[in-house]
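Shared between the two complexes below is chain A, which pairs with chain B and chain C, respectively.
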Partner chain A sequence: MAFSHSFEYFRPGTLAEALSLLDQYKGDARLLAGGTDLAVHIKENMATPPVVIDVKRVTDFPGSRVSPKALYLNASTTFSDIVNHADLRKAYPMLWEAARSVASVGIRNRATLAGNICSAVPSLDVAPALLCYDAIVHVASSSGTREISIHDWFISPRKTACLGTEIMLGISITAPAVKHSGIYLKQGRYRGEDLAQAGLGVLITSDLQYRLAYCAVGPIPFRARAIEAVLNGKVLTAELISSAKAMVQDTVHPITDIRSSKEYRLHICEVMLERGLKAVEQRLNGAEFDSAEILGG
Partner chain B sequence: MAKVKLTLNNETRTIDVEPCETLLDVLRDKLGMKSPKCGCDRGDCGACAVLIDGKSVRSCLIFAIECEGQHITTLEGISGDQLSILQEAFIEFNSFQCGYCAPGVIISATELLKSNPHPNLEEIKEALSGNLCRCTGYQPIFDAILKASKETKK
Partner chain C sequence: MTDYRYIGKSITRIDGREKISGAAVYTDDIDFGANLLYAEIVSSTVAHALILNIDTSEAEKLEGVVKVFTGKDFPYKFGLYMKDRYIFAQDKVRFYGEQVAAVVARTPQIAKMGAELVKVEYQELPAVLDQMEALAEGATILHPDLGDYPHVPWFFPKPGTNVAHWRKTRRGDLENGFAEADHIYEETYEVPRYAHCAIETHVAIGKFDYSGRLTVWSSSQSPHTQRNLFAEALAPMGLSQKDIRVITPHVGGGFGGKAGVTMEILPAALATKLRGYAVKLRWTREQEFINTYQRLGVVAKLKLGVKKDGTITALDHKIYWDAGAYVEYGANVVNAVGLSAIGPYRIPNVSIDSVCIYTNLPPGGAYRGFGYSEMLFGLESHITTIARQIGMDEIEFRRKNAILEGDKTAYGAAMNPNGLLEAIDKVTKAIEWDKEYKSTDPNKVIGKGFSLFWKAPAMPPNASSSAFLKFNEDASINLIISGMDIGQGYQTVMAQIAAEVLGVDPSKIRVETPDTDRNPYEWQTVASHITWSSGNAVKKAAIDARDQILALVERVYHMSQDSLYLEDEAVKCHNQASFNLPLRSFVVEGIATKDGSYRGGPINGRGMFMPEFSSASGDPDTSQGGHPNVHYTVGAGALILEIDKDTGKMKVLKAAEAIDAGKALNPDLIKGQITGGLLQGLATVLYEDMRYDDKGRLLNPNFTDYKIPTAMDVPDEIIPIIIEVPQPDGPYGARGVGEHTMLPAAPMIANAVENALGIRIRSMPITAEKVAMAYKKHREQ
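Let's turn to the complex of A and B:
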């Protein structure tokens, strides 16, 4: 099927060129990265931009850097780039597992982390990881650059703090100073190419600090700070996990949709919390396993 | 209309396209490559898979104009003068029935075996998770890929 909507297409080679186009076509332009979202939206008439600016050939995004202490992934980074990065997998397992859970290889080869974050759907798989690692989003406009905390990034479904005249440059993460590990659990109807019914990221540090973030069970992905506060400083026991689980019903705000009922989501969020906490503790202590096995299916 | 120059199955081609034309439509209607199929038309089924610079992509989600200067490989380019080991294995296992998903499956499997010549069953399933087949139940497809991977020299 051909696209019914026609548009003007630009392929800038530099950031300055892209920003100047964005200024010129204020409000009329949409940025095109991997296109796995935008192309569908244009096809289904959910988006009808008069101008499309393809940023895939922009060559001067700041370079990506991955080390156990800090991470910077620029706007050109595809999900396959993340999945194929052995050092990133080792240092940031939660982010790696979230990236691997996105769609399928043929989509991940094209779809970018930046495009995904800017799409800002409630089921955004990488959001829990970015929230747990307190990521910073770097954006640029023709008047300069600015940093936006991931905690201020998500406004409502599909709406972010990024302005129409801004281009996302990349995201950065600073790892916790002490030994840490993380895990991402995704519950879907089946494995492979499905959006999450619920997603949970869990980060644990050797000094017993916990960070928890859910996606797909509220209008935007969010940190479960009240539950974190109950866990922080404490060794995981069956009793502590029970107390944490008892708070889940008041923490998540799922709806019923095509993928799941609200009641199922409420239930699975408790199950995920218990299994996620136990698994991340094992991982911190050196256990190796595939998080996809934890929820079965 | 804009001119796009790309390499299709090792041949340089220059074509006129509208920005809104998908790579899938241009491959089928302007470049004569009928192996990529239109299934779901929204990136879910994998029937339209082709390789761009060696990586599998969904040609229904790409504007042809994005492909300036890139190398596109369709199933026609993988076969060449003779069938690949993988394609021979698909015949041996009678892996396809209606055949609509076959070009996309072969593209995905070709990409997999290039980066990982000896995948296990889980890795094969992961690589093919974006290719829907409504006929076979997948088992004969997995069997063929496993067989082909054993015939590829270690």
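Let's turn to the complex of A and C:
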């Protein structure tokens, strides 16, 4: 496969080196992690960075840690790392399911969680989980580090709060203090790998707090706070679910594109909400099932 | 029943080890050394326009660019059935993606950079993107010179319009037929375009040496046809068939997309202007979607008349094909279906209009099924509906009207022997049609879908095959033929046929990929005719070799040929159990006589097959009189479909498909075709869809948004059923099955959706979204 675009390529071994390269090429450089997003764009001339800085060999990203109380995943973490992590699966099922729903094994072996949220496409699968768990994104520049709430991270399609001179170091999550469970539902066009037509993350806690986040149905992934407000503090009943569903039309504003019509997206958002709420409640109560079957495969 | 040693056995594929181990060489694998150049194509960025100017100066300045070519360098036409296209666009482009210029460079990257520097100035013309618009009064005419295009005698273009060919078939008295009917049902069905999606994209390398010889290595289903079309197109440069050599290594999938000539003409032509160099062109996946053949789009208007008892009295079938910018191959799809749009039914009064229409979309061409999938989607949807309308079981309806041996086809010839009724019965039983299927999940419902299918090879009446067979010292054999193993197992089956005649195990027979210099003529590996046609040629070549062997033994040992037979690599005698002459002792070296001299010598067989009964010269207004199709292969399929009522997601729980193979030369290979074909058919109905914007640009030239199934999308259970009603003129009774296996998929799904949800979807694809939205609407009403 030929690339017509030529660029300078660096592969730093340390964070400091990477940051100094970023400073040196201010604005002209793009970071490369798994390349599953960036390489495709360069091939199609959709991205033409004069400089590419490959961070795959950076060895001093702060280490990843996973416990039921809190989690930190660094920028080297691939989706396969997440999928293969049994403790993570148990403690953060929504994040695990989102990771598993990304592409296929070959892509997941390279694609990173960092690249996913930095790509900031509307359909990115891990966004609902990070939004529901109120994740913090850690970034570094040559002048220090800063923390950005995931709620401030997504600005517009393909644009994040991360500056051109910054590197994302990792994300952290603090689990809700009480018993909780989550689920990620992804509607694709078939069972094989697909980008989401719509995605929904649902988090539930034993003290009846609900968190809902959609992706692929708006310019950026978002929390459906108005619907959460209706649900919070209440036990799920058929009636409550209907009133939550009735709010979808005013909360979600999808577009029509090659993957789906706007009308179908809206319809699916309602179906997902109903089935997601029921399933997550069952999961909180100990039920075990494969969420991939919930929307009919 | 005859007892065969190798025929009818599921012999392991002889090319299996080569392919599994990675030893198999594909076109892109061949190393051409330092003199290899790379071509990149400059493609049209508009669907319909005059080319005002092409500025190649910037590209020519780029270091590493060897030469830039445009249409001016090659003012030559080419085409299989109708010569309606040029190697490069001349004064006009007619589809988005059409080749306008080529940059040849030292590396692929420089070629690509060069191509981006070529500036083409267009004056846009109105683009005609829909076949019904193309037919309308006042439509822009794509080919004002249509009347001058050379074409085969069985095409009927209408110069001054966008109709490139109009196949009319008329039988009986249509008006009377509808008058006799108790019930008439009319509907329109739509099918979009589809892409083949072979895993290996098109690739070809041309090399023109200083002796004046042009060699083309290509990933192709049609080496000899390519050679002939190259020779025709490049004749002005003084090239003839003998100067051109086409070598076709293993192919990574074809599905019709690598039949005839598409992009291969480009490196072939470019090479002629770059003597001594090899010039390589390889399509990217995007180009593969945009600038090869596509399956044609269809609007079909059906009117069917039936009596109360279910007898079909009349069919009026009008099929309008979106054939694209050039129809040199696609027009024959239109022709084939125009002769066969009655489906596998006995219908006394018939009118078929199959209309080939130019549009400013990529050229339509061969695609597995050759138009029959598109036609059957409407017809088999219609049959299920009309049976329900008259209160008759749809299977009984199909049984009642099923075409039987001796019944008349649409063009008046007698139907060949076939096992259609057996197929219906076996599928009904295998799928447990009468069983109540009910989902335990309240969100889901289950439906059943049924469909019949048929298809004939679509070929010129004189399409032929030939075979050479040579013995080696150890009685192993090289079988030299020119069909392509595109995954169907052709090489294995041909080895089985030779093995059966000669008593040599198939593992001792080597079949190589073709080289037109050395391998004998084969028309093309298309039309599901190769087992039948090439199989007949191979059988004749093997019989020729056997006859030479037996004649030699008779001459040397004075034994009657009638008493001799071949078995276990030896000549044996019915009358003399002790006689056992190993083939290896003489098939090359001859038989020694007492005086030390030898008799015989190397045994080389040759065989040829042409269907001499076939003729395309039916009446232009009725299609009566000729014998355009050599035979039809028939079958039936059914499936059980689970549908999520809210999301529309569908899952095939179980599918059964029966096909009349005449004789299953290798049952496992047929089962493979049933599984693979069914899956490809299901993909076209459930997921795939070529979507164009209002400028004629394909919106999904990639697997991100053009969905072909993964292993996760395979039905839970597929029951393959082989029927064997012998084809009298087939090798051991065999006829083709390759394309057919995908034909029933789309109507089965449409019928199952109606059965489950009470909604009839008349346009493909039938995606989860379409089902969910249609059902939502249905529920709200």
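Definition applied: the second predicted complex is superposed on the first by the 297 of 297 C-alpha atoms of A that agree within 3 Å, B and C clash if a C-alpha of one lies under 4 Å from a C-alpha of the other, contacts with A are read in each partner's own complex, and residues count from 1 in each chain.
Criterion: contacts are C-beta pairs under 8 Å (C-beta built on N, C-alpha and C of every residue); 3 or more make two chains touch, one makes a residue touch a chain.
Here the structure is a predicted model, which means the values were calculated and not measured.
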Which partner does A:54 reach: the first (chain B), the second (chain C), both, or neither?
first
Please indicate which partner A:103 is in contact with in the superposed arrangement: first for chain B, second for chain C, both, or neither.
first
If we overlay the two complexes on their shared chain A, which of chain B and chain C does A:271 touch? Say first, second, both or neither.
second
First, second, both or neither for A:156, with chain B first and chain C second:
neither
Looking at the overlay, does A:296 come into contact with chain B only (first), chain C only (second), both, or neither?
second
Once chain A of both complexes is superposed, is A:193 in touch with chain B (first), chain C (second), both, or neither?
both
Counting only touches as set out at the top, which of chain B and chain C does A:258 meet: first, second, both, neither?
second
Touch test for A:249: chain B only (first), chain C only (second), both, or neither?
neither
Is A:206 contacted by the first partner chain B, the second partner chain C, both or neither?
neither
Starting from the residues of chain A touching chain B, keep only those that also touch chain C in the other complex, and list them.
1-4, 6, 104, 191-193
Give the list of chain A residues in touch with chain B in this complex.
1-9, 11, 32, 35-36, 39-40, 42-44, 52, 54, 56, 80, 103-107, 109-110, 191-193
In the complex with chain A, residue positions of chain C that touch it:
38, 40, 107-109, 111-113, 115-116, 284, 443-444, 643-644, 646-651, 686-687, 691, 699-700, 704-705, 707, 709-713, 767-769, 772-773, 776
Residue set of chain A touching chain C in the complex reads 1-4, 6, 104, 187, 189-195, 197, 258-261, 263-264, 267-268, 271, 295-297
Report the residues of chain B in contact with chain A in the complex, numbered from low to high.
2, 18-22, 25, 38, 41-44, 46, 49, 55-58, 60-63, 65-66, 68, 108, 111-112, 125-127, 129-131
